[in-house]
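Each structure below appears as structure tokens.
Paired with chain B in one complex and with chain C in the other, chain A is shared by the two complexes that follow.
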Partner chain A sequence: MFTKYKNVLRAMVLTVPFAFLSYFVTGVVYLDRSDWKHSLSVLLVYAFINFLFFMSMLTRKIDHYRAIIFILIALTFPIEFVLKLYELRGHFMALNFSDVINGNTPFCHIVIPQTIIPLIFKKQIIFPGTMDGLYYSVGSMITLWVAVSLLLGKGWCSWVCFYGGWEDGCSRIAKKARLKLNPKLIWSSVAVLLLVIILTIEFATPIYCVWLCPFKACSEFFEIASPLIVFQTIIFSAIFLALVIILPFLTKKRVQCMTFCPFGAFQSLVDKVNPFEVRIDQKKCINCKKCIQQCPVMALSEKSIERGRTLFNCNKCGKCIDLCPVNALQYHIKLTPIGGMGATIARQVFLYFTYIIVAGMGSSFIIPAIERILLLITTGSILH
Partner chain B sequence: MNRKIVSIIRSIVGYSWLIVFAVLGIGLFANLEAATQKIGINQKVKIIPKYTGGEVVDKRSKANYVRLIHEPVDNFIQVDWLAEEALPKQIEEEIDLNKDGILDLKVIIDTQDETIIYEKLSDEVTALMKKTSLIELSFKASTNNKDSLFFYKNKEYEEIQYNEGVSIRILKRSL
Partner chain C sequence: MEGFVLGISGGASCLIYCMPILFPFLMNKGQGVRKNFWSLILFFGGRLIGYLLFGMAAWAIGSVILESEPQKSYITGSTYIFISIMLLLEFFREKRCLAKKVGKFNEKLQKYGYLFPLILGLATGLNLCPTFFLVFTEAASLNSMLESVSFFFFFFLGTTLYFIPVPFIGVLAKKEELKIVGNFLIVMIGVYYLYKGFILLINYGRF
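The block that comes next holds the complex of A and B.
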């Protein structure tokens, strides 16, 4: 009984700083009482995210609560994105040539690896976006990417990516995997990355966006005005169905992220300079291999466990940390000793960073989506 | 003893690394727009001309608007008509696209009805892009509606914010 109260108290104490910070990040501090729909949406999201954080602290589970908000962000992103673009451009998801040449195309993080070389050497962005002023401008997205990479590294892929929740959700539906994937497939995303970088530079066109990106299915895509675009539409729709819905359902793995996403492969490189990683305490590990079997991106192998490390594609989701029966896996600050107080500090600091960013992302997508639903209920229109 | 000292030094470096990244990362995240301006991303980095048109090589000021002719990019030349307040109902101009002293193109644009009549005046203009006419597409995207105004409002040329604009793209024969 005393232990239970002690745990609740501990969780509350840990949640207080987060509640304070998220008060600003979610926008509670700027509430306009005259706009009850916005105020209610903000308060709901504030309460919900703090509840998830509290529960994560109380139960000492990471992945379960992470997945709830991650999936929710993925589901609410299309609502806000599509409707906002309609208000800005006058049409829904179909991007037309006018939008392209007028720079009316919102910039997405997946473009970054495709255009990184021209960006560094020629200070040019190969994307028909706008540097500032636009919803999802190039400038603000690049700054966001730098900020999150400094704090989380490849944790972007499990905590921030507003597309990844689709796969995460689909991979959790079935109780058992019906199909097994070859672990070597994790290298195919690197091949996709190299291919799109080369082709983007060669053709001065964001090749992945134009030809391959499956998430056009939940954001925007080219207006079908020619046979070529019909072909492109078939390709991205097929990739979305296969890699984002069907294969994650069958394999219980995040197939698109693991095998196809060039941003994920690129972020694995960026992760080298991030101070956080997941490590295995060799003194504790009993070699049960639960982590290898359950990792959603196959970032663990017997050899990597022998080295006390994950593979390059670990996205710090925390599932292996939750699963390990002896707490051998843990978040770790690079160069510091493994285990002990350092592991506790690393875990807490990492989770504060992730949840603050999640609170920010939640503000961008979940709050407006709730507002629009309230608007629909009260006025019959989902548009502002 | 040495191992302990090395371990302590590594820990100091590790935690220092974390603190520096935390300060930078949180600072950037908390002030995204301001940080973007301060870093100067928007001034230092540009969208490739294939999408925006080339650098402006000719600017003519008229009574209440300016006409900008861009450098050829790929195989097109972009021409903009931009006004700080509102464009006139009709714009009629003959344009020398490549500054060789010979007029290349005549346009009569009705900015309110969104129609354009064009006439080739020289061999330099070998074709006018057809795809539901690129000219018409550019035109429609730039006319006086809230969406287009939003973007043109952010379009600066010599630090002037334009309120309304139309653009056309002309396919040019490559030399």
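The block that comes next holds the complex of A and C.
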């Protein structure tokens, strides 16, 4: 009984700093009481994120609570994004030629490697977006990417990516995997990255966005104006269905993220500069292989466990840490000793950083989406 | 000498156009620096043959061939399809197949494997990239076949300098992962060139 209260008290104490920081990040501090819809949305999101953080502290589980907010962000992102586009451009998801010419194309993080490499080689920004001002400008997205990459590195892919929740959600529906994937497939995302870089340098156009990006299905795509665009639409829809919906359901893995996303492969390189990683304490490991079987991106192998490290594509979701029966897997701050108090501090600092960023992302997508739903209920219109 | 200067000034562009073919090819093989240099020399041999053939063509028929859009597309489209087939064959060449007929075919491919870089070089030599148009037009205005061919030869020498660092990718040859990435990449690039070749043929062809 005493232990139970002690745990609750511990979780509450650990949640206080987060509640204070998220008070600013979610915008509670700027509440305008005259706009009740906005105020209610902000307070709901603030309370919900703090509840998830508290539960994560109480149960000492990471992945379960991370997944709830991650999936929620992915589901609310299209609502806010598509409607905002309508308010800005006057039409929904179909991107037309004049939008491209005028630079009215929102910039997302997946385009970053395609933008940086030609910028280095050809001194050109090949994406038809604006540097600042318009919704999702090149400047703001690159700033967000630099900041998050320095703090979380590849952690972006399981905490920040506003598309990832789709396949994360689909990979959790089935109870058992019905299909096994070859572990070599994790390297195909690197091949896609190289393909995209080589072709982007050659043709100076964002090849991945035009041809391959499956998430056009939940953001925007070219208006169907020629047989070529019909072909492109078939390709990205098929990739979305196969890699984001069907295969994650059958394999219980994040297939698109693991085998296809060039940004994910690029982020694995960027991961070298951030302070956090997942390490395996070999003194504790009992070689049960639960972590290898359950990792959603196949970032663990017997060899990697022997080395005490995860593979290059680990996105720090925390599932293996939750699953390990002997706590051999832990978040770790680079250049510090493994295990002991260091592991507890690393875990806590990592979770503060990630939840603060998630609170920021949540306030960008979930709050406006709730606001629009309230608007629809009260006025009958979903547009501002 | 003018060809050499043109080669040096436009060589970076040539590298950009040849890299999508050469880079996955070398990565897929996963061999060391020395063997990569041999592959590159063979690739250059093929490329030189392609250039010399164009040098002769430039003298014989002038730049007429480049003025017709369908003809340009036929040449580039067919070359792309050929390159794509070669890249895909290179991938399958190293795979073992239990089916007898495929196995025998693979054995034959293994036997003539050394010719692959030479043939790929020839195909890229026949590829009409932007720098190439400039050289062809210049060579077409020369008086004799010897002048035209030597113009192409010196252009080839100038561009070659940019390719010297490429075989050093073999420094990473011991990394098995690099070969796996090369396997995926060669198939992706192969499929891409196949698509690109067909699009060029369909857009300007008669079917």
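Convention: the second predicted complex is superposed on the first by the 380 of 384 C-alpha atoms of A that agree within 3 Å, B and C clash if a C-alpha of one lies under 4 Å from a C-alpha of the other, contacts with A are read in each partner's own complex, and residues count from 1 in each chain.
In this text, a residue touches a chain if its C-beta (ideal position, glycine included) is under 8 Å from a C-beta of that chain, and two chains touch if they have at least 3 such contacts.
Computed from a predicted structure; not experimentally measured.
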Looking at A:155, would you say it contacts chain B, chain C, both, or neither? Reply first, second, both or neither.
neither
In the superposed arrangement, which partner chain does A:129 touch: chain B (first), chain C (second), both, or neither?
first
Mind working out whether A:169 is in touch with chain B, chain C, both or neither, as first, second, both or neither?
neither
Once chain A of both complexes is superposed, is A:113 in touch with chain B (first), chain C (second), both, or neither?
neither
Could you figure out whether chain B or chain C reaches more residues of chain A?
B
Touching A:334 in the superposition: chain B (first), chain C (second), both, neither?
first
For A:201, decide between first (touching chain B), second (touching chain C), both and neither.
second
Touch test for A:191: chain B only (first), chain C only (second), both, or neither?
second
Touching chain A in the complex, chain C uses residues 16-17, 19-20, 23-24, 177, 180-185, 188-189, 192
How about chain A: which of its residues touch chain C in the complex?
184, 187-188, 190-192, 194-195, 198-199, 201-202
The residues of chain A that touch chain B in their complex are 25, 88-90, 96-104, 118-119, 123-134, 138-140, 142-144, 146-151, 204-205, 225, 274-276, 333-337, 342, 349, 353, 356-357, 360
Listed in rising order, chain B residues that touch chain A in their complex are 7, 10-11, 13-15, 17-18, 21-22, 24-30, 32-33, 35-37, 39, 41-42, 44-48, 50-52, 131-132, 134, 137-138, 140-142, 145, 147-148, 150-151, 153-154, 167, 169
